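As written, the chains take the letters A, B, C, D and E, and residue 1 is the first residue of each chain.
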Amino acid sequence: MPKTRNRHKRLDGFQRLFLLLVVCLITLLGCILSTIPNSAPGLADAVARLQERSGVKSPVTAVLLNFRAYDTMLEVVVLLLAVIGSWSLTKSPLPEQDTDISPVQMGVVRLLAPVMCLVAAYLVWQGSHLAGGAFQGGAILGAAGVLILVSDFPWIRTIPALPLRIGLVLGPLFFVGIALCCLFFTGKLLGYPEGTAGWLILLIEAACALSIGITLASLFAGGRPDNTMKKIQPPAKHPPGKSL
Amino acid sequence: MIFLNVDNPSWMITPIIVPLTAGLLCFLFQRKTFAIALSAVLVNLLAACFLIGQLLTCGPMRYSMGGWQAPLGITLRTDGPAVLMLLMTGVTGFAITLYARGYFSFRIDDPGGTDRHQQQQRYFWPLWLLLLAGLNGLFLSNDIFNLYITLEIIGISAASLAALSGKPAARLASFRYLLSSLLGSLTFLLGIVFLYKSCGLLDLDLLRNLTENGPGVRAALALMSVGLLLKTALVPMHFWLPPAHANALAPVSAILSALVIKGSFYLLFRLWFEVFASSITTEALNVMGGLGAGAILWGAIQAMRQHRLKLMVAYSTVSQLGYLFVAFPLSRAADNAQVWSIVIFMAMAHACAKSAMFMSAGTIFLHFGHDRIQDLTGVRASLPITVLAYGIAGVTLMGLPPSGAFIAKWLLLSWALASCQWWWVLVIIAGSAMAMIYVFRVISRFIVIPEGFSSQKLEFHSRLLEWPALALALISLLLGLVAPWLLHILAKGSIDLTQILPGGLP
Amino acid sequence: MITTLLYSMTGLILFGMGLFTLIVHSHPLRKILAVNVMSTGVFLILIATAYTPLGQGEVDPVPHAMVLTGIVVSVSVTALALILACRVQETSNLDLLKKKTVPETAKESTT
Amino acid sequence: MNWEQLLLVSILLSSLIPGIIIFGLPEERHRLRTILNLCGAVVKISLIVIMDIGIYLGHTFEIRMPLIPGVELLLNGDPLSALFATLSSVLWLLTTIYAVGYLEDSPNRSHFFGYFSLCVTVTIGIALAGNLVTFLLFYEMLTLTTYPLVIHRGTDKSLRAGRNYLIYAFSGGAVFLIAVIWLQNVVGPVDFSATGFSPGFTDSHGTVLALIFVLLILGIGVKAALVPLHGWLPQAMVAPAPVSALLHAVAVVKAGAFGIVRIVLDVYGAQNLLLLGVLPLLGGIATITILYGSLRALQQDNLKRLLAFSTISQVSYIALGMSLVDQPLAVIGGLVHLVHQGLMKITLFFCAGNLAETLGIHHISKMNGVARRMPLTMAAFTIGALGMIGIPPTVGFVSKWYLGLGSLAAGNWWLLGILAISSLLNGCYFLPILIRAWFGKQQESWPEELYVGRFETRLMLLLPPLITAFTVMAAGAVANAQISPLAWVRFIVREYGL
Amino acid sequence: MIYPILTLFDILLALTLLWLGWHLLSTEDIFKAVVLFISFGLLMALTWVRMRAPDVALAEAALGAGLTGPLFLSALRRMNRVLKGERRLDSDENRGEDHAKNPKPT
């Protein structure tokens, strides 16, 4: 389609102007960025100094789940919010039952999914001293969930909503719960008691990884579970809203 | 119980943790959600009051998360503006919660209603409570990256809420809103990157104590400001606001217009007048003021031209936001606490008035099935309290005494005259005059009952739909009368620069 | 130092490209892609800032944590935006397609 | 809180509370509504009389409520506010009685009476305001509360009138606001006091203060209907008769005039104004307004419009008196006209309302021989009209006498001439009406005869104008007595030390 | 000695990133753009490793390529399906009417 391509490529006046603007802006920012002296100390030293007290060996995990655990707590909530938002938007448009999945794929998925779960568990565990942690583990879990969803196992449709919700909320709720327990015992929100930091972080990470996995899979599913679904409605037939 | 002491800073986390937990529980249980939500907003309101009391007795406080001190750990802090914003959120949020209950039960009880309303209510509560937690987190946070995350929480939940109504227009508006908000957050994040590269710090108090303000810091501030302006919908970056606010469900519109926008504005203001106050130039302040003036005029003109009530109210938000920015250039004539006082008055009055207006508009929409201004004659006969609430809120928008907006405008005009900047006076007065026109264009329709008009007898009548709006409108009107008390809190809560020591690891 | 600069500039240019595409193009998926590219650009600058060559000390872990957080946030927002975009498409296409299909069917009737 | 402050608050509440209750009452509870209204009015009058006595005996009535530094709400009962408050409350009582009769069986009465009560509360607030901020507060609220009354009929015409009213009033309010803030910036917070601000400012900021004075007068002149800011007033005549009576005689126009008095006497003070040299300006505007209003009134056929233009003309006597602020006699004349004009004008409006309500007469040309059908009403009207012309022993004569004496004392012969011309013009437009009504022959049947009964019209419509007309005569006849408006105004002028 | 090689590698990597980024943003075909985006994500993972950020690299590999890609693809499929389904449904419904109403096409 050369014609459309041409039309596409040609920029109108506004676009040219905007391009110019963006180029200028980026150049300006680039100049500024290059002139910033690299003298800022950063927080590396602080992390290194406090590493021992964090209960984990990996500095990134220490920052994520101890020094700045509050950020992570809120961020797990962000993930959950995305799911709530997507559930509020639409039902899950799972593919039609009649799409045929090759048995090879089914077999591979059956084999791969448990392995991925294992990998995820390993990543979570490894997070305390090497690269890895809740997010990575959760991401692998989520990928496993995506595989299962794509292969369209019949039991996916029958997952009741409540356990799914429990799985989704588990991570954030557990995080908040631990935080409040810490508040109770040490007087500081998320201030882990002496010596328990490592274990608590591992627990939190495990719960969060599970939740993140489920969250990502639910996001892939693209909507709330529809347990009453006998016949699958194509989303287009969904009546458009009438009022407000 | 040592942590139950009044002077324990741990109380600060209540307004964040309680709505957060309640939101999670609401999502988990999906039954008795109103009870959970109501108790959460009630606790939130009480916590805000308690924090004010704490501020008055013990002064500003800082709280280090997990006991990790500033450069590395995340700190929260209370000061005058923050607790007042919490109070604003608490009061408005409480009323909105009650209203939302009335709104949803009205629609669910409607015989023509479908399952859709049930679904909307089910997802409204967790989204709203998490949004509330995000807002409170924003007001209290003292760490710039943490602020980014709270902004994201607010942005995502607000966009989801805006799409809740299920109308195609609402979804489209919500998509635009989400993208704009994302663009805003990303620009803000780029600013954080510049800041971290230049200073290596994330804590606002420590950043404030840095005397160095090289080009890096300036660029960071500019980027963060642009991001926040996009989220605050200052003209000309307001394009996403009117459709998103006007097409949402009425309680959602109230939340978006009253609270969400104030969050990003508060942050912007804090950055400009507290953290980077030393790098601000007069030109930059004038640019902001100019944009604010543009917003006042443009928003008001658009509001006057609208045919739909909710769109009109949404454009009036655009206009009212301008006043907050006109305060920028005039700040040179006043000291810091005064600038805060004007912004706080304006924000609080606008939050209460605008949510009351959206609630009234929503109630009218529910009962009449449309919100075309032309056809809303004689609404007073069927919904007197709603119309009263709308009228009182309108009076606040016009900035008549004794509303909080009047106090704010008084201060603005006073500074403008004191520093001989005539043009601001003209803009402010013109904005108020146009506000008068667009408010009264509607009110005169509402209250006139032409001869031979038979008022519709309404079958459903929910008190929850009418009284919260009236209460908020009255609060906004009488805000000026409690002005000394608010000023007292602001004065008490301004952080003394010398109190904050740099560094300080445990 | 030069590495940091190189990657920072790359990140900045990615940001700019994303910004341009986000504003200029109208397709929702492309807009979401553009936002993703933008966020990647920002993360790249941040990580490049923290970078210190091997043997010259520890890498600052705080930006890494920030980027991790940011990536997760961006994934979740992307997912939400995609679903929203689908819903927009589903409802808005009704009108759009009806306009389109008239000439199509007309063509069929003439042939 | 001592009893004086309590009294001030209860004066305001005595009409606010009935108003709020009335809003909540269902439409058909008219008996309860009437009782509430009348009780409120009577209570208010008695409270205000107590305050008057207190002020006379030298008590101070004052409530302060600081808002922000430099801005505070201040309610203050001084002799001047007592004058206005007493006038308003007495006329409110009469107007309420009249309105009950007037609006019998018409729809939306709870709405009407609710705003009516609020309106009076606000007017009393204006009377009691102790500084410019408080004055401004009530001044803006007055616009808000009278607006629903103006558009009460709901016709397109009334909506248009309402819109114009709002635009005029709020523009005036905005100018006034700017002027107030500017003034505060220059001289600091100003309370209403007998001397005004310190004369030192006049030397240092003369031009600015003069400009601010002009702005203040412009802002307030909208409500006082000074030419050329009078456009809203004749249009607002579409409102029901009690509203017109209230707007013209008690609330809005009078509030504007009262504001001028406050600004001249209390904010600037005679001394400052003389130094600034802006008084001739005020006098000039007042003169133009007096003549213009009278001339326009001459051309009217619609009775209410004629009365409206007559109001424009008459209210400016007050401004005229104020422009001669250095002459105690002129000040007395102006101040006492505040009361006298209210009494006379409300009588006229009551009568015009009676004509319209009983016989459907809106135009002068239809009034031939109406006095034979409604002798009492027309008698009251005649007294009011003669008062307007200034024929003794009515109160109108008293005001004009003092104004004339004041202008003579100031050596302004031309002002005396203006007064004479104005009286002549008043005669020109009122006397033909009187002649037509008393001696004209009824040519055709009345436009629509709405009421036939024992009296010439409903008793509740008849009594108020009779009472006010009697007062017009009595207060003029006993002007020199111990208790009369004139006596109180003399007391005020003594207090100001003029 | 290792320095120039690394720099060369860096430049190559950066240029590839930019090239990929530009292409994925400007290509006509959305599907192609998504595929390019996935490869872009993988390349980013490589960059993170280069920047000594293994945690981020892992997350990027798993999230950026492993999840965002499928998310985009499924959204694309959903949109296309809607488009097709809509068209089929639409034309089915309208064909008869169009024949009846608009015998003369413009």
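By our rule, contacts are C-beta pairs under 8 Å (C-beta built on N, C-alpha and C of every residue); 3 or more make two chains touch, one makes a residue touch a chain.
Small disclaimer: the values here were computed from a predicted structure and weren't measured.
Trainee: Starting at chain B, how many touching-chain steps does it take at least to reach chain D?
Mentor: 1
Trainee: Would you mind checking which chain's C-alpha centre is most distant from the centre of chain D?
Mentor: The chain farthest from chain D, judged by C-alpha centres, is E.
Trainee: Which chain pair shares more contacting C-beta pairs: A-E, or A-B?
Mentor: Comparing A-E with A-B, the pair joined by more C-beta contacts is A-B.
Trainee: Centroid from C-alpha atoms only, then distance chain C to chain D, rounded to Å. What do you get?
Mentor: 68
Trainee: Provide the C-alpha centroid distance between chain A and chain C, rounded to the nearest whole angstrom.
Mentor: 16
Trainee: Counting in whole Å, what is the centre-to-centre distance of chain B and chain C, each centre being its mean C-alpha position?
Mentor: Computed from C-alpha means, the inter-chain centre distance equals 29 Å.
Trainee: Quick check: how many Å separate the C-alpha centres of chain B and chain E?
Mentor: Chain centres of chain B and chain E, defined by C-alpha means, are spaced 37 Å apart.
Trainee: Going by the contact rule already set, what residues in chain E reach two or more other chains?
Mentor: 55, 59, 63, 67, 71, 75, 78, 82, 86
Trainee: Spell out, as numbers or ranges, the residues of chain A touching 2 or more other chains.
Mentor: As it turns out, chain A has residues touching two or more other chains at 29, 33, 42-43, 47, 60, 63, 68, 71, 75, 78, 81-82, 85, 89, 133, 135, 216, 219-220, 222, 235-236, 240.
Trainee: Which parts of chain B, given as residue numbers and ranges, touch two or more other chains?
Mentor: In chain B, 72, 145, 149, 152, 156, 159-160, 163, 168, 171, 196-197, 202 touch at least two other chains.
Trainee: Which two-chain combinations touch?
Mentor: The list of touching pairs comes to A-B, A-C, A-E, B-C, B-D, C-E.
Trainee: Can you tell me which positions in chain A touch chain C when the two form their complex?
Mentor: These residues of chain A touch chain C: 11, 15, 18-19, 22-23, 25-26, 29-30, 33-34, 38, 42-44, 47-48, 59-60, 62-64, 68, 71-72, 75, 78-79, 81-83, 85-86, 89-90, 133, 135, 212, 215-216, 219-220, 222-223, 235-236, 238, 240.
Trainee: With touch defined as at the start, can you tell me which chain B residues reach chain C in the complex?
Mentor: Per the stated touch rule, the residues are 72, 145, 149, 152, 155-156, 159-160, 163, 168, 171-172, 174-175, 178-179, 182-183, 186, 189-190, 193, 196-197, 202.
Trainee: Quick one: which bits of chain A touch chain B in the complex? Just the residue numbers, please.
Mentor: 28-29, 32-33, 35-36, 40-43, 46-47, 49-50, 63, 66-71, 74-75, 77-78, 80-82, 84-85, 87-89, 165-166, 168-169, 172-173, 176, 179-180, 182-184, 186-192, 240-241, 243-244
Trainee: If we count contacts the way the header does, which residues on chain B are in touch with chain D in the complex?
Mentor: Counting only chain B, the residues touching chain D are 341, 380, 384, 395, 398, 400-402, 407, 410-411, 413-414, 417-418, 425, 429, 432-433, 436-437, 440, 444, 447-451, 453, 480-481, 483-484, 487.
Trainee: Can you name the residues of chain A that touch chain E in the complex?
Mentor: Touch list, chain A to chain E: 1, 4-5, 8, 58, 60-61, 93, 123, 130-133, 135-136, 139-140, 142-143, 146, 150, 216, 219-220, 222, 234-236.
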